[in-house]
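Report on one structure; see the data block that follows.
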Amino acid sequence: MTVGLTHFLVVSTLLFSMGLYAIITRKNAVMVLMGIELVLNSANINFVAFSRFGNFGYSGHLVALFVIVLAAAEAAIALAIVLNIYKNMSTVNVDEIDNLRE
Amino acid sequence: MIMNYYDLIFYLFAAVTLLSALMVVTNRNIVHSAFYLLFTFFGVAGLYVLLAADFIAIVQLIVYVGGILILLLFGVMLTNKITNVEIKTGTINLVPAVIGVGLFAGALLAAVVNAPWKINNTEQAFPTTKILGTLLIQEYLLIFELLGIVLLIALIGAASIARK
Amino acid sequence: MKEYFNNIFTALFTIFVGMKVTFRHLFTPSVTIQYPDVKLPLPERERNRLYVNMDDCIGCDQCARACPVNCIEIETVKAIPGEDLGKTSNGKKKALWVTKFTIDFAKCCYCQLCVFPCPTECIYMTDVYEFSEYERDKLIYNFSTLTEEERLEKIENLRKFNEEKEKLKTQSPKNE
Amino acid sequence: MHESTLINLSLFILFLPLLGFIVTLLLGKKVKSVYIFENLIIIISFFSSVYLLFSKLTNFRTTKITSEIEWFSFNNFITGSKLSINIGLMIDNITAIMLFVVALISMLVHLYSIEYMKGDERYNRYFAYLGIFTFSMNGIVLTNNILMMYIFWELVGLSSYLLIGFWFEKKSAADASKKAFIVNRIGDIGMFAGILILFFTYQTFSFDKIFGSISSGQLPFNSDFWLTVTGILLFCGAIGKSAQFPLHVWLPDAMEGPTPVSALIHAATMVAAGVYLVVRIFGLLTADAMLFIGVIGMISAFIPATIALTQNDIKKVLAYSTISQLGYMIMALGVGAYQFAFFHLVTHAFFKAALFLGSGSVIHAMHHEQDIRNMGGLKKKMPLTYWTFVISSLAISGIPLTSGFLSKDGIIASSLAFANLTGHYLFPIFSLIVALLTAFYMFRLIILTFHGEPRDHHKFEHAHESPFLMVMPLVLLAVLSIFIWYTPNPLNSEQGWVLSKWIEKPVIHTPENSRFDFMKSFHNENVLSNKSYIDSEVYKEAMHSAHYPAMGLSLFVAVLGIFLAFAVYQWKKINADLITQKLKPLYNFSYNKWYFDEIYHKTFVALTIGLSKVLAWFDAKIIDGIVNGSAFITKHFSFFIGNFDKYVVDGIVNFTAYFNGFAGLFVRRIQTGKVQSYLALVIFSIVILLFIFK
Amino acid sequence: MIYDIIFNSTGSSIIAGLIVAILPLFVFILPFALFAVLLERKIAGHIQDRLGPMRVGYHGLLQTVADIIKLIQKEDIIARSNDKLFFNIAPVLTFVGSYAAFAVIPFSSLFLGAKIDLGIFYIIAVSGLVVVGILMAGWASNNKYSLLGAMRSAAQIVSYEIPTILVVLSFVMLTGTMSLYDLSETQTSYFWNWFILGGPSFSIQKFLLIPFMLISFIIIYISTLAEVNRTPFDIPEAESELVSGYHTEYSGMKFAMFFLAEYANMFAVSAIIVVLFFGGYQSPFGYLGNSLGISWLIPIEQFLWFIFKGIFFVFVQMWLRWTLPRLRVDQLMAASWKYLIPISFFNLLIIGIIALI
């Protein structure tokens, strides 16, 4: 069996699940960010794989490109926010930041 | 030959990606996680190359390895009191996460493997840069410009948030 | 705005000036001397390792006395009559056997004070300055030309001569 | 050299002044010397346009370069069709020539203004405004569709508003700018209606596509009448912008702006835009529309010419002469002399710019004295200004060896030919009268300003020749008013390269039966060929037979006009005051500008005020009465509703709230404030959903 | 292409691929590093009116060989509180980052690892690995100075990448290609076809380009200098402040790897500059092989020319090192963000406009 679409999708699915796992379980906000990056990467693999094996032309590539760009913007902003949170609350553990509860 | 080089390389990269991703999510040391992320990104870039997406692969390297990873590392190093190499982070929701994500991954895998994909296995033109560039300033021009604006706003926003 | 462009101009300009300077130095002949192969000519009155010309030494011990650090050690034995010690180069007659003449260069401070008192100018500074050793003892240079046996022999000779002389002395008053 | 290069270059030329505008406006207050940047940009854009003109006329003389992109599109989900709005550029010879003219005049005005405006407190902002003016005019010139033209059209209106009211501390300037703006809007309403009709009919804004559809027989509402209406409505825009007969009142008032701005507005940009618009839409004009245009042009040529005879403000005389000359062009378009109209636009741009800049030079020298009764004798003090002024005046009067003669004679000849073909003899008669008047009032102006004895000695003493930057444009423009640049034969312009090679020949697209006869016959011979009616035998013959009479007559009236002017003002053979006394009513009529402002004030403005008074009464009495009555009813009704609300509705609400609160006691446990727990819940829910709906 | 030649002679794609991958290391990087270290010491000596190493071999030619032998023999010290895994990976990563760049550098029309379409983009991408390697080294050393140096280095490289990319972008706009091979082939034969002199087309564009190309060259030279952490931008390893920064804790072969990576990087950036501005492997005066009719001589000539040009710019880097003092951190950042980036933006804009004409 040669490597085809399914293989790539399986890889991306696993990557996605791991990213999700990291988002849910890790306390540190930066780790949550890493989980998000993993999820975005898995989505990108899907886009490119469908672009390669599907009938979408190069749109998948472009969407992946856009996702990468947005990921960069997102990482920058999120890290700025994390830094700010650290400055204000001197912790970056997500479970301790529950001011929204009230 | 049972397995050609393409498959071999694919399995290699998939293994690198998945193993290092596993290390990322399970390692208790944040800095280790961040460094393992490098190998994940690298593996994903390799997968892109295997999918004949050379431009995306290199953009992945530039943006993720050259940008986001460094940012994350800076983030880690700036938000912890670095006195020792060991920066541990705790975990929460461990049990529900394992169960939930396990079920979710299982369901997704089943769906992905059993789905009747319509596969169009024709070769695509390989140097994709020119094609992507043309598409980018024709059909996707608006999105391209919007992204530029988004990036600018993100830049300004990040700077202003971090300075506050 | 003006300052901005001025800064750029100054930066580039000064860099090029600096590069010009260093580039000129790239081709100025270097000041390094390839030491063991090439040596600087020493000045005329340089003070380095001492040398003693034993042919001229009369064993007067003046140098040892002049030395501020006591690095020169001299032992002399009187010559018994009949022994011809020869003459120094400036015509003085030698009267002492120099049985030991050592200079400890680990101590020597190269002050040249020993050179001036020497009546026969037999001790002087040479231009040798490379004489490092692994053991400190090896820095004690012995200039005496006599071997250990000869030294003992000379001492014995003198002792015998003295004894005989004493004998003669004790005998002669009896004779008077 | 490739076609896309030209497109890129034209984009460059288009947006460069915008860059200059933005930079100059943003940095204007901080960096005093930013106007140099703006000037630099205009010079670059001038050289670019020279390059464009050169390459267009050498390499692509017969091709029309078009480039179009989709701006945005609407999907109609009901019918499934797609409506795209395209914008684009079109470069044909006319565009290239016009672009060159705009860039040249704009550059000269910029350079001129460096000296003229020196010391003004909003110096940089002035240049910024000039930049956006140039930008918007370039946009009008370069566009290939009427929507974009309309957008830039309004931008021109805006920038003229800014520039006319540049010295807004003066009430007259502020009023003039408002007047220009509002009067222009009136014309623009017509134009907008015309655009809407066109778009409704053809679903496109592109000139080429509209002409194509008309050629294939598709008409607005399937009638010739509506095509005529469309043409006239579009022409309304030109009426406003080019200050044609009913809406010409703004232009003389616009003299309140700085003089170089007047030169820019009158020579190359704003008023030329109207003529340019008619040139562009020429293909869809029916015979009726053309006749309408011709009559409007004729009237606009005549009335201001009579007004200019008696004005004393140097700039106002020139302003009226501008309206008169524009009337000429419009009339030429009306009689089908498309090429002459455009040719006159170009030549007029040069000599009118020279005249205005010359008058600016005089005003500058006289310390902002504009009344010609206080001038005189300036010839000795300002020789360069004088001679350039004379050359330009000769050009505008239509004396041979000047560019004005070539174009003006062409217009008179073609109006004569048109009259011969169709019988409308008023056109040539009026054009000759106007030519006479033009020569007369121009030389009246020259004599009063430059000749004779100085009437205000104090100012005369201080007068001096203007600095280099102000004189250089004058000389350049005066040189451009000589015939040699346009044709080798000073008497017959049609052999020249401008008319025979450069300016494209007009093609009429309207249906056969709505054309003039002489346009009709030719097209039937060669339906498929792209040839123009002016190549037809009939028209050529008519032109040929009209040529020499027209030339002789126009020369005669021009010389007569100049002679009269000299007779009255220089040699004093005829006493001007005496004539004034005798023709007191006529003089007053002319001196007060035919009472247009007063008429408008008495009719339209008074009508509007009266109407608004009626409406105010209606509002205060009737509408307020209804409102008050309904308030009374509402008040009583609401008491009833209030009670219902208090007991019935509130009861239900309170019960619900109590119930929810009770339920919330249980559900609040889930809300932990921790995002990750929520996410875990989401995942669980998704998994459950997946298993349910698999 | 070298790969085809080996593939044809051996018939195995694996062997050919391996050889092509390893060839630059043994044919070029190691000898170059040996030579460059010696060159650096010699230049340092001569600029300071000294002689430099003279003892080992003729005029000290074998000095670096001796040094390498010394380094190999040295004990590989790993302190107890080091992060051992990453401590060991970091030098490899750094070296990989600079070594991978050599895959696309066209040494001559024949000796070129991979003729990929995105050559210069690829180099920029893989040089990101160097940053991560440096950060990793600084972190794993568990040493304040090392970490400080690593973070300085990362910040510096990331911010100086921007002007580099902008200049490269202007080339992409001008030539429409990112392939280093194509760029070299475009500037063929004679030196007036080099991009520093306006490129191969002979038109008004060429003359308009020259000043902006000069500006581009200065910008990219400064920023690549900063990217390889050379003086005056060597604050990450500032000996006098940080005790050599991120490689303080390293010894023996790992230190040698950092060393090797640094010199490989120096050549890589010089090679980029050579390819972009100075005709790549093209000879400025035509080829001897052409005039003699010996076709196999041409690639060799090209190789020599490339090496010569590359080493010349390495020489300039060294020359600058012994000319300029080290910048402060704030000056460093100001130089990039306030000077290089705006200027390169304007440059990009103007070159774009010129490219349109």
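Observations
Lettered A, B, C, D and E in written order, each chain numbered from 1.
One rule holds in what follows: contacts are C-beta pairs under 8 Å (C-beta built on N, C-alpha and C of every residue); 3 or more make two chains touch, one makes a residue touch a chain.
Since we're looking at a predicted model, the values are computed, not measured.
Where touching is counted per the definition, the chains common to chain D and chain E are B. Each step here moves to a touching chain, and the least such steps from chain C to chain D number 2.
Following the contact convention of this document, B is the list of chains adjacent to both chain A and chain D. Greatest Cα centroid separation from chain C: this falls to D. Closest to the protein's overall CA centre, chain by chain, comes E. The pair with more inter-chain C-beta contacts, choosing from A-B and C-E, is A-B.
Distance from the chain C centre to the chain E centre is 58 Å, each centre being the mean of its Cα atoms. Chain A and chain E, compared by their mean Cα positions, are separated by 33 Å.
Each chain gets one centre point, the mean of its Cα atoms, and the points for chain B and chain D are 57 Å apart. Averaged C-alpha coordinates give centres for chain B and chain E that are 28 Å from one another.
Counting only residues that touch two or more partner chains, chain A has 20, 24-25, 95. Counting partner chains per residue, chain D shows two or more touched chains at residues 674, 676, 680, 683.
Along chain E, no residue makes contact with two or more other chains.
Shown are all chain pairs that touch, namely A-B, A-D, B-D, B-E, C-E, D-E. Within the complex formed with chain A, the chain D residues making contact are 671-676, 679-680, 683. Considering their complex, residues 5, 8-9, 12 of chain D touch chain E. Partner chain A is touched in their complex by these residues of chain B: 4, 6-7, 10-11, 14, 17-18, 21-22, 24-25, 30, 33-34, 37, 40-41, 44, 47-48, 50-53, 55-56, 59-60, 63-64, 67-68, 71-72, 74-76, 78-80, 89-94, 96-98, 100-102, 104-105, 108-109, 112-113, 117-121, 124, 128, 131-132, 135-136, 140, 143, 147, 150-151, 154-155, 157-159, 161-162, 164. Of all residues in chain A, those touching chain B in their complex are 2-11, 13-22, 24-31, 33-35, 37-38, 41, 44-45, 48-49, 51-55, 58-59, 61-62, 64-66, 68-77, 79-84, 86, 92-93, 95.
Chain contact summary for the complex, chain D toward chain B: residues 674, 676-677, 680, 683-684, 686-687, 690-691.
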